[in-house]
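Below, chain A partners chain B and then partners chain C, in two separate complexes.
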Partner chain A sequence: MMILGKLLLGVIGLALATFIGGFISGLDRKITARMQSRFGPPLAQPFYDVLKLWGKAPMAVNAWLVLCAYLTLMASALSVFLFFAQSDLLLIFFVMTIGAVFQVMGALSVNSPFSHVGAQRELLQMFTYEPLIILVIIGIAMHTGSFSIASIYALDTPLLYSMPFLYVALGIAFTIKLRKSPFDISASHHGHQEIVRGVLTEYTGRQLAMLEVAHWLDVVLLLGLCSLFWSTSAIGLFLLLAVTYFAELFVDNVSARLTWGWMIKRALGPGVALAMVNLLWLYAIK
Partner chain B sequence: MLDFLLGLCILFPIAAGGTIFFAKDKSLQKNIVVLTGGVLAAASLLLITYVPTQTTPDSGLASFLHVPIIVCDFLLLAVIFVIGLRRMSTAVMALAGLQLAGMVMLKFFWHGEAATPLPVFTVDSLAIVMVLVISILGSAIAYYADSYMREHEAHLGLSQSRRNRFFAIILVFLGAMNALSLADDLSWMFFFWEITTLCSYLLIEHDGTTEAKTNALNALVINMLGGAAFMFALLFLQRTTGTLSLTALMHIKMAGELKTAMLMIPMVALCIAGFTKSAQIPFQSWLCGAMVAPTPVSALLHSSTMVKAGVYLILRLAPLYEGTTISSMVAVCGSFTFFAAAALAAGQSNGKRILAYSTISNLGLIIACAGINTTASIAAGIMLLVFHAISKGLLFLCVGSIEQKIGSRDIEDMRGLFAVMPRTALITCFAILTMMLPPFGMLLAKWMALESAIDARAAMPAIVAMLALGSGLTVLFWARWAGIMLGSATTKLVVAKEKQDPDMALVLRGLAYTAGIVSLLAPIVYMGLALPAAGSSTTAAGHVNPTAIYAIYPIYFLVAVGFRYAWKEAQKAEDMAPSLPYMSGIQAEQNGEVGFIGPMKTFVPAQSGNYYLESFFGESRLTKPVNLVGLVLLVMLLGGVLQ
Partner chain C sequence: MINLKEWINKGRLKSPWVVHFDCGSCNGCDIEILACLTPVHDVERFGIINVGNPKHADVLLVSGTVNHRNKIALKNIYDQMAEPKAVIAIGACGLSGGVFHDCYNVVGGVNKVIPVDVYVPGCPPRPEAIIDGVVVALEQIKIKLGLAEAPAVHAVHME
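After this line comes the complex of A and B, so read on.
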């Protein structure tokens, strides 16, 4: 029964996550627009976009790209499903990697310089955020003694109290995964910049729609990871997520796109350092 | 029956090697290779039914081998000494001389009489894992080598075939590897250990070029260094405990009769021997140099033999150094190599060098697992050993086939390989995915390794940080290789058929299926082999979650269904309107190449290259500091004895 309940929770979570992800994306665009003194699109605009992309005449550069788009979406969906089914945190992370890898492989399978540059940069972004997320997960496991999400919900005090630096590290990873400035290195926000849309350049129509939905799901998954840091009360959880996401938007709007070299030196280095300080701290009190 | 099976695993390939040396006929050579492979595979599978057993010295095989091994021990070291003399290498001569002197001490002056008869061979889960990997994968590689060497020798234009020498060494190598995995007596293990050193030397210099000779000598020196450490450990153990039997040493450790330091000094020496054989930093240069050998040799050295002997020894000894500073230092050394070798791999465009550094990196992870030293971590290490052997063997054979076809092993030259060698490109891609993504075995093992790392006794934050960074780098260098090989400009998923030697194609396909199927059986491998092998050796349990591993089955199911659906959808791409990649201008296609119309209306093909990040991961930049850190860690490992 417990397993069935968890599976059901996973399915419901996945369905909800798709909607919530889309609305977060809409909210993102709205708030960004207001920060830039624009009115901005309606809240449901991301859904309109995806539906419009879905309805485009099918077109493809090669078959691999189509395959990779499907696999990317499926992996993202599976990781969100596993998250809501309260599975093992590292497993969820590794399943998320499947999606990221196939997206890059699709971009590399097309002989297009823009797509290739984007793919190479996306790989560097992955290299930057992956270790940070792994360290966060290990920190959680050190604290709760288990890698399962269920054990976090058994805590009395929010994780944030004992893992503040790891939360900052997660925030860095989040910004990179979201490709927000200064880390919109692999796919610029706007198609008219020097790498066009980077890793996304060659995905069109349905493929692009699928990647867009996959991105929503990734955002929900990462917000889910953040939510684990305040698992004790719904209000606290909501506030933490709201503050975190607003901070993401703020950083996005006040910074310019920087280079991958800068990212490795200034994001990975300090991120790992912060995580290590926190891990040592957890280690000392264990 | 047990003696007979052990004989088949150990003596049969050695005898077959001796026969093949005198067989000049190519088809006869092939038949001997096939026969040996079949016998090895069957014997190793039958041997599973005997787990766990031990043979006593009065068993037929043991008493039969007793004297020949002593004689051959001296002969072997003498041969290596002569090689040193002929190559005018004082290092080899000195190391062989030292070991000879040690051998004289051990056999004539310090040999003690054991009070109770001790086992000679141990057939336990850990040994059987090794024997299966060696016998089955090793045989598959030998079979592949038959076709490969035909092409290879035709390419070199040799007047006289050297195939007989090549296959003789390979078969002896397999027998020696089986023997060292099964040996309970460390002095026997030492003998077979040194045979593998000699065999790898002979295989690396097989092509006889100057580079091959130099690199072979380097490999010999480094491995003899490890051999000398091994010999030192033998002498020390014989002097202090009076026994070289692993079983007896386990009893001594359990009973706590000996001061820890007395046991730790030889343990450190044996770990260093393992590090040299497994090419751990700072000893990695020999394995990178070994690539000059024909590719099946690399496949053999990297996947099922040689380097696996090092990690096997370290895993085997894990219970003896459990709970000590040495153990923690082994974990730190291993995780450092995991990280540093992954960084070195990220800076490479030479396919074989990427594979070599990735091997070193993964061996580091296995050693880290041994050092963390809980049941869970050792089981993870054993899983890594198995899955790495399959996938890495397959990858080397793929690169061998690719190199014979396109004449390059640089991954930049493998762009769009799918159009040239569709099947091999797909298999290579698949092999790469099995190295880094769930639900394949390597990743499951890495998952277990990471989870067990939080139980590390000391230095846990440092260990996990290096493991985290290393896994990030692993994804980086694998994904870009897999991606560029798929490069294609058609909307067809499967294009032309590929012409390939049927035997080579068979091995590539067979290994690809093996990688998939064994991954599917991962929970059974874990519960049936890895966990018993680890459980028999250690007391600290750590994060063992027997049910968690079965939870992977629904994920297999979902991934399989999802992949099938995605594949069907991708096949429909054929009916979609084809388009050309965006080029910021007038895109065009010429002779299957895409590009754009440039000035003067000329066609400019699109070109791009991978980021190899020389400024971060270049070999010239990293090697020195990495070796320095490796050396410092090694000194710290030595210092662990003082604890």
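After this line comes the complex of A and C, so read on.
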């Protein structure tokens, strides 16, 4: 019964996450527009975009590209499913990584130089955010004694009290994963044209729609990881997520796009340092 | 799956992504096109996004005269766009060659090389006229998709 309940929870979570991810993306574009004193698109705009892309005529360059788009979407969906089924954090992390790797493989399977530059930069972005997320997961395991999400929900004080620096490190990883400025170097967001959208250059029509949905699911998964830091009350959790996402939008709008070298020096270095300080603290109070 | 098809058609009309190709324009029209993206006109409120990649675009905006060198590039960009797509010729030069129509190197308007759906006249046209051009192009796509009937007289823009 326990397993069946968890599977059901995962399926419901995945279905909800797709819709919530789309609306978060719409809200993101709306708030960004208001910050730039524009009116902005309707809230459902991401859904219109994905539906339109789904209806475009097929133009894939090769079969690898199509396969990689499917695998990216499946990996993202599976990691969100595992999250809502309250599975193992390490397993979720590895499944999420598979999605990102296949997106890069698809981009490398074509001849376009924009696609190649974007793929190399995406690998560097993964190289920056993955250690940070792993360190956050290690911190959670040190605190609760288990990699399972259920053990976090068993806590009676929020994780944020004992892991504030790790939350900042997770915030840095979140900005890179969201592809927000200053880290939108592998594939910039709507309306920007850095290296012709880099890693996404050769994905068209349905494949692009699938990657868009995969990106929504990744955002929901990362927000889910953030939500674990205030698992004790629903209001606290919602406030924490709202403040975090607003901070992401604010940073996106006040900063310029920077280079990958800057990202590794100024995001990976301080991020790992913050995480290490927090891990030592966790070790000391044990 | 009639329902999905209806939703897709709705999406098509709500999110036209444009790619802009400067076919040797004097930059007058180009500046007006870019003015549409600014907070004053903000075309993103109609779901219009200026993309840099013809493979992601639905509408091709062409400004400037077509000559024998760049007609190859123009055809190439048009061919890279996936169906359904629309082409908008912008400015006097894009419509007919403008003041350069009888130069030895000029082919003429954009419609000599690729099929054009909407013509936006002016030297340069105002941003409002360009936005109206995209809206009229969406009407054309509606007719192509069979969602609306073709009007008896196209009283859209006078050349």
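Here, the second predicted complex is superposed on the first by the 281 of 286 C-alpha atoms of A that agree within 3 Å, B and C clash if a C-alpha of one lies under 4 Å from a C-alpha of the other, contacts with A are read in each partner's own complex, and residues count from 1 in each chain.
Keep in mind that, in the parts below, a residue touches a chain if its C-beta (ideal position, glycine included) is under 8 Å from a C-beta of that chain, and two chains touch if they have at least 3 such contacts.
Keep in mind that what you see is a predicted model, and the values were worked out from it rather than measured.
Participant: Looking at the superposed three-chain arrangement on chain A, would you call chain B and chain C a clash or a fit?
Facilitator: fit
Participant: Could you tell me if A:48 is touching chain B, chain C, both of them or neither one (first, second, both, neither)?
Facilitator: second
Participant: Going by the contact rule set out at the top, does A:275 touch chain B (first), chain C (second), both, or neither?
Facilitator: In the superposition, A:275 contacts chain B only.
Participant: State whether A:110 touches chain B only (first), chain C only (second), both chains, or neither.
Facilitator: In the superposition, A:110 touches chain B alone.
Participant: Look at A:196 in the shared chain and tell me whether it touches chain B only, chain C only, both, or neither; answer first, second, both or neither.
Facilitator: both
Participant: For A:56, select first, second, both or neither according to whether it touches chain B, chain C, the two together, or no partner.
Facilitator: In the superposed model, A:56 contacts chain C only, not chain B.
Participant: Who does A:134 touch here: chain B (first), chain C (second), both, or neither?
Facilitator: Once the two structures are laid over each other on A, A:134 reaches chain B alone.
Participant: Tell me the angle subtended at the Cα centre of chain A by the Cα centres of chain B and chain C, rounded to the nearest 10 °.
Facilitator: About 120 degrees between chain B and chain C, seen from chain A.
Participant: Kindly classify A:36 by the partners it touches after superposition: chain B alone (first), chain C alone (second), both, or neither?
Facilitator: It touches chain C, and chain B stays clear.
Participant: Regarding the shared-chain residue A:208, is it in contact with chain B (first), chain C (second), both, or neither?
Facilitator: second
Participant: Could you state the shortest Cα distance, in Å, between chain B and chain C after the structures are superposed?
Facilitator: 5
Participant: Across the two complexes, find the residues of chain A that touch chain B and also touch chain C.
Facilitator: 57-59, 196, 201-202, 204
Participant: Taking the touch rule as given, give the residues of chain C at its contact with chain A in the complex, in rising order.
Facilitator: Residue positions touching the partner: 5, 7-12, 14-15, 17, 37, 39, 42, 44-47, 49-53, 55-56, 58, 80, 82-84.
Participant: If you look only at chain A, which of its residues touch chain C in the complex?
Facilitator: Touch residues, chain A against chain C: 29, 33, 36-42, 45, 47-52, 54-59, 190-191, 193, 196-197, 200-202, 204-205, 208.
Participant: If you look only at chain B, which of its residues touch chain A in the complex?
Facilitator: Interface residues on the chain B side: 415-416, 436-438, 443, 447, 450-451, 453-454, 460-461, 464-465, 467-469, 471-473, 475-476, 479-480, 482-484, 486-493, 543, 548, 551, 555, 558-559, 562-563, 565-567, 569-584, 593-594, 606-608, 610-611, 613, 615-616.
Participant: If we count contacts the way the header does, which residues on chain A are in touch with chain B in the complex?
Facilitator: Of all residues in chain A, those touching chain B are 57-67, 70-71, 74, 78, 82, 87-88, 90-91, 94-95, 97-98, 101, 104-117, 119-121, 123-124, 126-128, 130-132, 134-135, 138, 141-142, 147, 196, 201-202, 204, 260-261, 264, 272, 275-276, 279-280, 283.
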